[in-house]
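Going in written order, the chains are labelled A, B and C, and every chain counts its residues from 1.
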Amino acid sequence: MNLTENIEKQFAEVSNTNVVELRKSAFTAFEKLGIPTSRHEEWKYTNIKTKLNEELSLTPADSQVNAAVKNYIASLPPYAFRIIFLNGVFHQELSIVPDLKGLTICSLKEAFSTHTSLVEKHFGRLINYSEEHFAALNTAFVNDGAFIHVQKNVLVNEPIYIQYFFTASDVNAFTQTRSLAIVEDGGSIQIAEDFRNASNINVQYNHVSEVYVGKNSSMDIVKLQLEVSNAIGIHTLESQVERDGKFSAATITFCSPNTGTGKPVIRNNVTSRLIGENAHADLNGLYFGKENAHIDNHILVDHVAPNCTSNQLYKGVLNDEAIGVFNGKIFVKPTAQKTNAFQSSKALLLSNDASINSKPQLEIFADDVKCSHGATVGQLDENALFYLRARGISKPEAIQILTYAFAHEVIDHVHSKPIRQFLCDKLKDELKVNF
Amino acid sequence: MAENDKIIDEVVGNDYKYGFTTNIEQEFAAVGLSEDTVRFISAKKNEPEWMLEWRLKAYKAWLKMEQPKWQNVHFPNIDFQSIIYYAAQKKKKVINSLDDVDPEIRSTYDKLGIPIQEQKLLAGVAVDYVMDSESVITTFRESLKEKGIIFCSISEAIREHPELVKQYLGSVVPQRDNYYAALNSAVFSDGSFVFIPKGVRCPMELSTYFRINAENTGQFERTLIIAEEGSYVSYLEGCTAPMRDENQLHAAVVELITMDNAEIKYSTVQNWYPGDKEGKGGIYNFVTKRGMCKGKNSKISWTQVETGSAITWKYPSCILKGDNSIGEFYSVAVTNNYQQADTGTKMIHIGKNTRSRIVSKGISAGKSQNSYRGQVQVHKTADNAYNFSQCDSLLIGDKCGAHTFPYLEIKNMTGKVEHEATTSKIGEDLLFYCNQRGLTNEEAVSMIINGYCKEVFKQLPMEFMVEAQKLLSISLEGSVG
Amino acid sequence: MLSIKNLTVAIGEKKILSDFNLEIKDGEIHAIMGPNGTGKSTLASTLAGKEEYEVLSGEVIFNGKNLLEMGADERAREGVFLAFQYPVEIPGVSTTNFMKAAVNAKRKHHGLDPMDAKDFLKLMKEKLALVEMNKEFTSRSINEGFSGGEKKRNEIFQMAMLEPALCLLDETDSGLDIDALRIVANGVNQLKSKNRSFLIITHYQRLLNYIVPDFVHVMYGGRIVKSGGKELALKLEEQGYDWIKEEVGELI
């Protein structure tokens, strides 16, 4: 049985009771799309089909809380809001969800019955499952997930921390996880999604975040992919931003697999559609690849409405045999006059076996726009290295310091202070710098 | 215009029955492409057996290939079985004086500032002037021959210099390289062959000769230029004057090879018929151009000014194999009305300390779509490779599109690649400023565009630079205000 | 030279100038002052022919010709020069080439042949001295990477090159340090002649210490509400615009 037949068979056995029609239509779309090969332009540098296991099990794996999960939770800073998922299934006991007026946080499963119309209005509507293979698959199969809703003019000051653990013992498990976050007009929220392999095998997962940013509201999302070194993780983050809305996403990936034990692949599809005037999107990313890590960032800013602005800042550091892929697209529709869009992609290669494939792309259909992008690939500045060494700092240490400086710019853009601090510490750990 | 529409309708229309117009005497192959067509072409040209084999190999490869679909252009399917692949030298329609030439074409000649004598040649008012130019050509040939430079048609080279052709033809663009290159390899009609021997600096722009000799080489042109150790040549193809051709599909192949310390400068001005204001008709220009810097310290530089064709699909590239070799690509691509252009370059760094530079200036007006597609590859072996790319797009009007698709693939940590791209427009404020200094919109646009393209224009031989500037203004006439 | 009668101008729905009147005779220097957003720059742009400004009514006669019937480029060739508040940058076009195009466009308009290269260079050299600029300026792309002061000096240089009859200076003094201001004013003073008139729009009295106006007008609410001599500018500098607003308030 080939991959697609296998998936078809499993879909026939799934008995989801929610949004049945949508799931069917998403599955039909997936059947048409299949799992992409490198012949597909968007997957040219990441041949995902050869990386995924031949047999894929899409039924949710069992969710036993193991020691790794417990230990990690114990190590977390005292976040006011903490939502825990094990293999995509909400875990009530481990989660902390205090009541706050105007804020709803619950499992997607629960939201289907308690917030039916709201969920149906957005679930599967923000992503483009007719073109995106894995968003289609996720929509067809996903069982549970995080649901966050911020009412009009409600400002949530504490970040919402969502933790996705993968604990499967079956190597064929292909776990589907999902978040749906809605901020109504004038609201504001900060969210962190943290992905962690808490099993002792290579895991495979497919995550979708759908985000709706209402008029004059703001949302910050930080995606933490710090402990997914032995994983194939596919992430889709789709945001729709209304008039005067502000959306910001930062994707932080540290991938340092144990040599020889896996075929680590992290793929991020980050899309922001600016559908109302004067909307703004910041899409930033930082990635560190070591050993045979393969990190692929695909970013799309879709300027639909006029007078919108967007910024992309992506920085990567690749060592050993790591492979980086950057595809940043700025799309300006004919309606999006007076667009201001900028993109910058910088990659450092620290080893001669590391490589980067970069495709910074502009597609402009309106004339009164200001768009630019810059992409550079290179090494650390020799002069700066020399300067530090002339002050008595050893070469390896100088490299660490300069790499820290290079990477820090992205973390600086994270709005939430506790998360920014958390990331700063992680970065220092990663680079073994202490100052 | 009407005549062109008719011809193009005949070529692409579904109800194609009769082939080309029959009022021109010609000797042509049967419609369509088969092994027999290839044999017929080869036989007609008295080619040796090895050349026929070479063509057949290409034909067989082509049969197994599919038309590429990845370009950012849209056009109806081409029926390759409805094309005539060989027509002997067409007799030019004899025109008695320039007064008989289409006034629209004449006015373009005037605007371009093309000398009367050349105008006559271009329009086919040939008779005595051809005699003149023949003698000019003879003089050129003599002085080239003295230096050991071979400059002739590729057909002649196949007969006279088989050892060189055998060695280099297809060595940079193999028969099965891509769909259109395979097609060209099977059925190419004619083209140019240049060989510059060791240490020789070609004393003239080969443009001059070419331009006077700009006869109809057909839709499948093949060019091969070889620069031996320490030699130099500057070659210019094309012409600023509007070129009309009844062949809708053009699929040329150009191969350049430089040995140690050699340099080839290849400039193109392309102004094929772009179709009318409604987007009807026009040439499809699908070209494969590639240079191989085979030797150390060698250099290949491509400069192109593209204003014509309904669809342009072309990526002059450099394979930088020799250590310290240099590749350059300077391009201005203008699209107006319904034109579509998908053009750019590939810089493939293989040797150590190789350098490349890409300067691409796209200008879109009307309802046109203009895409830059470029690739920079730094292979593992290419220590200290360096590339700089600058891709700018200028938009005129709100119905056009500009697209940038750069691919940067870096596999060496000592490589350094920098890419910059901007998109801007000729805005009201800019125009008003120029108006306020007494310039009309047309004068202002022409001045702004020439400023914008300066970096590319200055790469062209002097006389063409001036014409290219005028050409751009004409191409964009009426696109503002 | 210039006669503006009952000029009413709008951008979109918004009326900016209403029933504006002004007479400028040959050789006169007029200064227009007034608070922000009162229509000063609109006046300059309208006179120069910027299209987004819609003339609803009124007439503007320039040396006997109806200015409003001409396009912006034609007005320029007829001798109306606007020194821009925000000069634009034109990448790749040197000031020399720009001026060559502009000077020859004007000459052609008046039935003259293009200036020969030698004469043109001589003219440039002479005019550059006027604004204390060196030759390198003219080979750089217009205004690209120029400082604020350089841009404004370049405007005065262009004015000198084109020898207009009517010079409109739109906040040429804004953002200039004292040296640049002196150079700009000096340039203007040397260009004064009995056949050339100036309309200087400014927010500050400072410039008028260097260029002595024959008349000072105060604009408010889209029209001139007060006119006087040089002393009016001094009063405005000392007392601000509030007293004008009060006076006008009473009028309206």
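We adopt the following convention: contacts are C-beta pairs under 8 Å (C-beta built on N, C-alpha and C of every residue); 3 or more make two chains touch, one makes a residue touch a chain.
Predicted, not measured: the structure shown is a model, and the values here were computed from it.
S.K.: Could you say which chain's mean Cα position falls nearest to the mean Cα position of the entire protein shown?
M.R.: Of the chains present, the most centrally placed is B.
S.K.: Look at all chain centres (mean of CA atoms) and spot the one farthest from the centre of chain C.
M.R.: A
S.K.: Distance between chain B and chain C based on Cα centroids, please, to the nearest Å.
M.R.: Computed value for the inter-centroid distance: 49 Å.
S.K.: Approximately how many whole Å separate the CA-defined centres of chain A and chain B?
M.R.: So the centre of chain A lies 44 Å away from the centre of chain B.
S.K.: When the C-alpha atoms of chain A and chain C are each averaged to a single point, how far apart are the two points in Å?
M.R.: About 55 Å, centre to centre.
S.K.: Show the residues in chain C shared as contacts by 2 or more other chains, in ascending order.
M.R.: Nothing qualifies.
S.K.: Can you check the complex and tell me which residues of chain B touch chain C?
M.R.: Per the touch definition, chain B meets chain C at residues 428-430, 432-441, 443, 447-448, 450-455.
S.K.: Quick check: in the complex, which residue numbers of chain A touch chain B?
M.R.: These residues of chain A touch chain B: 41, 334, 337, 347, 349-379.
S.K.: Can you list the chain C residues touching chain B in their complex?
M.R.: Residues 48-52, 71-73, 75-77, 81-82, 84, 87-88, 90-93, 97-98, 101-102, 105-106, 109, 141, 158, 162 of chain C touch chain B in their complex.
S.K.: Can you list the chain B residues touching chain A in their complex?
M.R.: Of all residues in chain B, those touching chain A are 70, 378, 380, 393, 395-425, 427.
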